[in-house]
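I've put the structures underneath this note.
You will see two complexes here that share chain A, one where it goes with chain B and one where it goes with chain C.
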Partner chain A sequence: MFENRAIGLALVLPAAIFAAALFLLPVGILLSEAFRTETGWSLSAYGEFFASPRNQTVFFRTLKLATLVAAVSAVIGYAAAFAIVSLPPTSRGRMFGLVTLPLMISPVARTYAWLVILGRTGFVNQILVDLGLIETPIRILFTETAVFIGLLQLFLPLMIISLVSAMENMPRDAVPAARILGANWLQVFWKVILPLTREGLVIGGTLVFTGSMTAYITPAILGGSKVLMLETLLYQRVTVANDFVAASVIAMILIVMSFSANLLLKRLATARKSR
Partner chain B sequence: MTNENFVSLRDLTLAYDKTVAVDRLDLDIRKGELIALLGPSGCGKTTTMRAIAGLLTPRSGSVHIDGRDVTRLPPSRREVGLVFQSYALFPHLSVFENVAFGLRLRREPDLDAKVMAGLETVGLTDFAKRQPADLSGGQQQRVSLARSLVMHPKVLLLDEPLSNLDARLRLEMRTELQRVQRETGITMVFVTHDQSEALALADRIVLMRNGAIEQAGTAEEIYNAPVSGFAADFMGFETILPNEAGGGLAWRPGAVVLGSGPHHGEIRGASFAGERREYVLESALGTIKADVPVSLPRYEIGQTIAFDLPRETAVELARLD
Partner chain C sequence: MNSRLSTWIILGLTLTFLIGPFLIIIAAALSAGNNLAFPPQGLSLKWFIKVFEVESFRASFGVSMFLAIFGTLAALVLGIPAAYAMTRFKVPGAETVKLIVSSPIIVPGIIVGLALLQYFVIPLGVGIGLALFLAHTALILPYAVRVVSASMENLRVDMEEAALMLGCTRFGAFRRIVLPNIRGGVLAAFILGFVTSFNQVPVSLFLSGPGLRTLPIDMIAYMEINYDPSVAALSALLAFMSIGIVFAAERFIGLSRYV
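After this line comes the complex of A and B, so read on.
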């Protein structure tokens, strides 16, 4: 684009310096914390971290919830996205607006709304009691279910947006063509929609998975100290115990998991493609 | 059911939300017939075709195919084929797999042979391993045709089969469709907005307007005896005037006589078209289009000349609108 490469480099330099000085360097220092011991470099901090049963629970809970949220949002997302792209253009725009609306509201406000809905005297308990399904209010808040619901609501729009744009790029009439050739809806999904939207699914899945894994506010408010996730554990290690080594270990785990999730999803997508 | 009503639409009303696209339509299609649904955009022709395919559930009325009521059946169980205007090939599958798609769902034996026979019909056996994106538009359409034909549908529907092709391919595809129809004896319904396509290809033309049938008949019947101003206009009659009986009279450009007659008009446009010369005249009767053999005297733009609309070359219309 530029006749002289130097101009291009000069233009990108401020951003590069900014990123290196204010992002890469501090992150590097923080991450190296966990490899440094008094005698030299070692992986012992990781061993110690995973030796603790509580840390194991938190690790697997985070993995489980993030996977579950990604999977459930994919199922709901496909249904919602298909419904949206099937609408005529004007109502499609309106529905798309409704889906993206929550993204414009602070996650704190959205999460506090769940406190009201899921609380002991909240909307859900009230209805269950009124219907006679339960006698006394059940505990929903500060359980994994509450965190799951909060995360799902938080990240579902990202999945829907990814899938809607993937479906809009599908060839027009591919779905009716498959139906006329004898495919039922399940076959249409497996043989046409899924292969043609797998890139959207990879993007949406990665966003939702890493988002759920690294969310702080939602597990903090809806899970509290009873349902710790890696992110809330990290915060607790730093503020309560001033334990920067553990924080560094957790940060590294989160980074590795995010990248692995993306690679795994991409691998899954291309594996089906090459068939 | 007889062969006369192999496909039968009865009192069919089709609507999108609140807009009625097709209003109480009745249509019978004979077995082995090549029929054209012709009309301007928005006349309901594509909607009617989608209803035969089962992509649209009628608000009321019924669809019968080969004696079976398919009104409530999903597209997958209607045994129809549809060649989409966009071809709608599956871009993630090879040409072979596209043609094999429906056969695989049916778990048909001798898959390879059947797919290759299908590709043979459209002359694309060498392209089996290619991806749809590597093919030209005309080739993609032939894959789409093969994909439908290997399923041996009772009715083959084609949506604007020639409109995306250039002039040479258009002639080729037209010949191809007629050959396929002759060889397989399949009942074909195709949708078009182009009267010349309909005239060239169809055994019978169903001219549609505002969700209803304006006129149905053989190409010659509609071409020579349109019933209304709308039908006449669609069939290339350029001059349409009311008559005393409340109906109308219509002239093709070639039926207008220039150089003599009771009317006068000013030449506004003139163009040479090989064997004939085309003129546009502005007159008290409105704009008149005429074309005359090049052997006749030539007129210049701006010239006022006499012309005649002879009664004997006019076609009588039952309705003017």
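After this line comes the complex of A and C, so read on.
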């Protein structure tokens, strides 16, 4: 550690000023937009925003979908992570690589695939018609189901990664020991695996939840204007109605959510380091 | 319960869900028909060729490449000194600085794009191209600082101190001792930044116009109007590009050690 504070500051300042000028300042002004009225400062914009039934629908839908995606990815994530950890080391590494592979692919490409699969003439509809389960193609695209599937596929890898690393830190004998002592698989999960991987679950859950909350591409392509989420609502309010007050309120909701998730993760990280 | 069997069933289903759609895209892109469909109607490479003939794709590919390369380089120019200072000097208010520099990750991209457009581009009359460049630089800055910091922390300070004692200037010590030793971290930061910038949509959403679009934005615009497999072909090509870059990086510098 060098003592010279002036040099240190001089080296840090360009980056800090850059981020402050291009990020904090413009975003700060946008956030203040909702509090400014002709007569002074007020919270009325928030009241007005939440008074609108459409905004309420979008707000609760976003929360609902993000929660659902986090919950379902936790269920699948536990099964997949447990399966990956129980593999021999070489195939474990390979499988881990395959699971993280989608993270490197552009979200646009990954979302686009669902158009082919879920569209009116898509793969799923063809199979359903061929099997005689339905007479005419059903609409899957532009429903909450489509957005849910898209988000789940987008964020599931993050959950699996978090759970795999949590399970790798689990004492190796914990599960066999519990089994020998007569616990069934449900008991093993509740009493052994879950408590020992809680941190990984929280990390994965937070990443998936905030990721789904703040996703734009998936709801835009798979939900369209029929299934608006907060980000697509923001885009629509600005481009259609030039409504910066609504944009400001939505921005505040998303930033508060994202920021608190980040704080939580940071606290977990420091708690782990100090242990 | 046969646990080996259930392990492979679970993994098979998970991988089908995660990677299957991508295989379907490749299959749909190989179609000889004119509409997006799976299974494809006949096989041909024509959509892969068509991608290179679409004028707007060529232009927006150039824009995205430029942003990804030079935005990341600019972020490194800002980020390396900052990372060096934060790991080597007692910087007053270091926590605040860290928070400011990492804010671009916390704030959702669409908000950043909108705020820049409304309160920076429009009032100051900044060109949209410059704004895109600055936005992408700011977006990558947190990754650059974090990855480079991590590899600086692993580098022992006494080597630099030895160089200083032997009469090297501080900049000389940085150039001759620190830089060569953090090369892998810098390269990892560059690759991470490149892929992040190239795939980025929300930040660019408000900062794109008819004349200037990044490739992902252009793809979204194209698929809203056309229903042919060219976006599938382009998606497949881009995916292979990203995967190729990351795999090469993993092989040659061990990318996963840094991120």
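As a convention for this text, the second predicted complex is superposed on the first by the 242 of 275 C-alpha atoms of A that agree within 3 Å, B and C clash if a C-alpha of one lies under 4 Å from a C-alpha of the other, contacts with A are read in each partner's own complex, and residues count from 1 in each chain.
Assume contacts are C-beta pairs under 8 Å (C-beta built on N, C-alpha and C of every residue); 3 or more make two chains touch, one makes a residue touch a chain.
Remember, it's a predicted structure, so these values are computed and weren't measured experimentally.
When both complexes are overlaid on chain A, the residue A:245 reaches neither chain B nor chain C.
Look at A:151: by the touch rule set out above, it reaches neither chain B nor chain C. Within the superposed three-chain model, A:269 lies out of touch with both chain B and chain C [touch as defined at top].
Touched residues of chain A were counted for both chain B and chain C, and C has more of them. Of the two partner chains placed by superposition, A:253 touches none, neither chain B nor chain C.
The residues of chain A lying in touch with chain B in their complex are 88, 171-174, 176-184, 187, 191-192, 195-196, 273.
Note for the complex: chain C touches chain A at residues 1, 3, 6-8, 10-11, 14-15, 17-19, 21-22, 24-25, 28, 35-39, 78-79, 81-82, 84-86, 88-92, 94, 97, 100-101, 103-104, 106-112, 114-116, 118-120, 134-135, 137-138, 141, 145, 157, 170, 195, 198-199, 201-202, 205-206, 216, 219-220, 223, 231-232, 235-236, 238-239, 242-243, 246. Looking at the complex, you find that chain B touches chain A at residues 16-17, 53-55, 74-78, 80-82, 84, 86, 88-92, 101-102, 105-106, 147-148, 151. Against chain C, in their complex, chain A makes its touches with residues 1-5, 7-12, 14-16, 18-20, 22-27, 29-30, 76, 79-80, 82-84, 86-87, 95, 98-99, 101-102, 104-110, 112-117, 119, 121-123, 152-153, 156-157, 160, 185, 214, 216-217, 220-221, 231, 234-235, 238, 244, 247, 251, 254-255, 258-259, 262.
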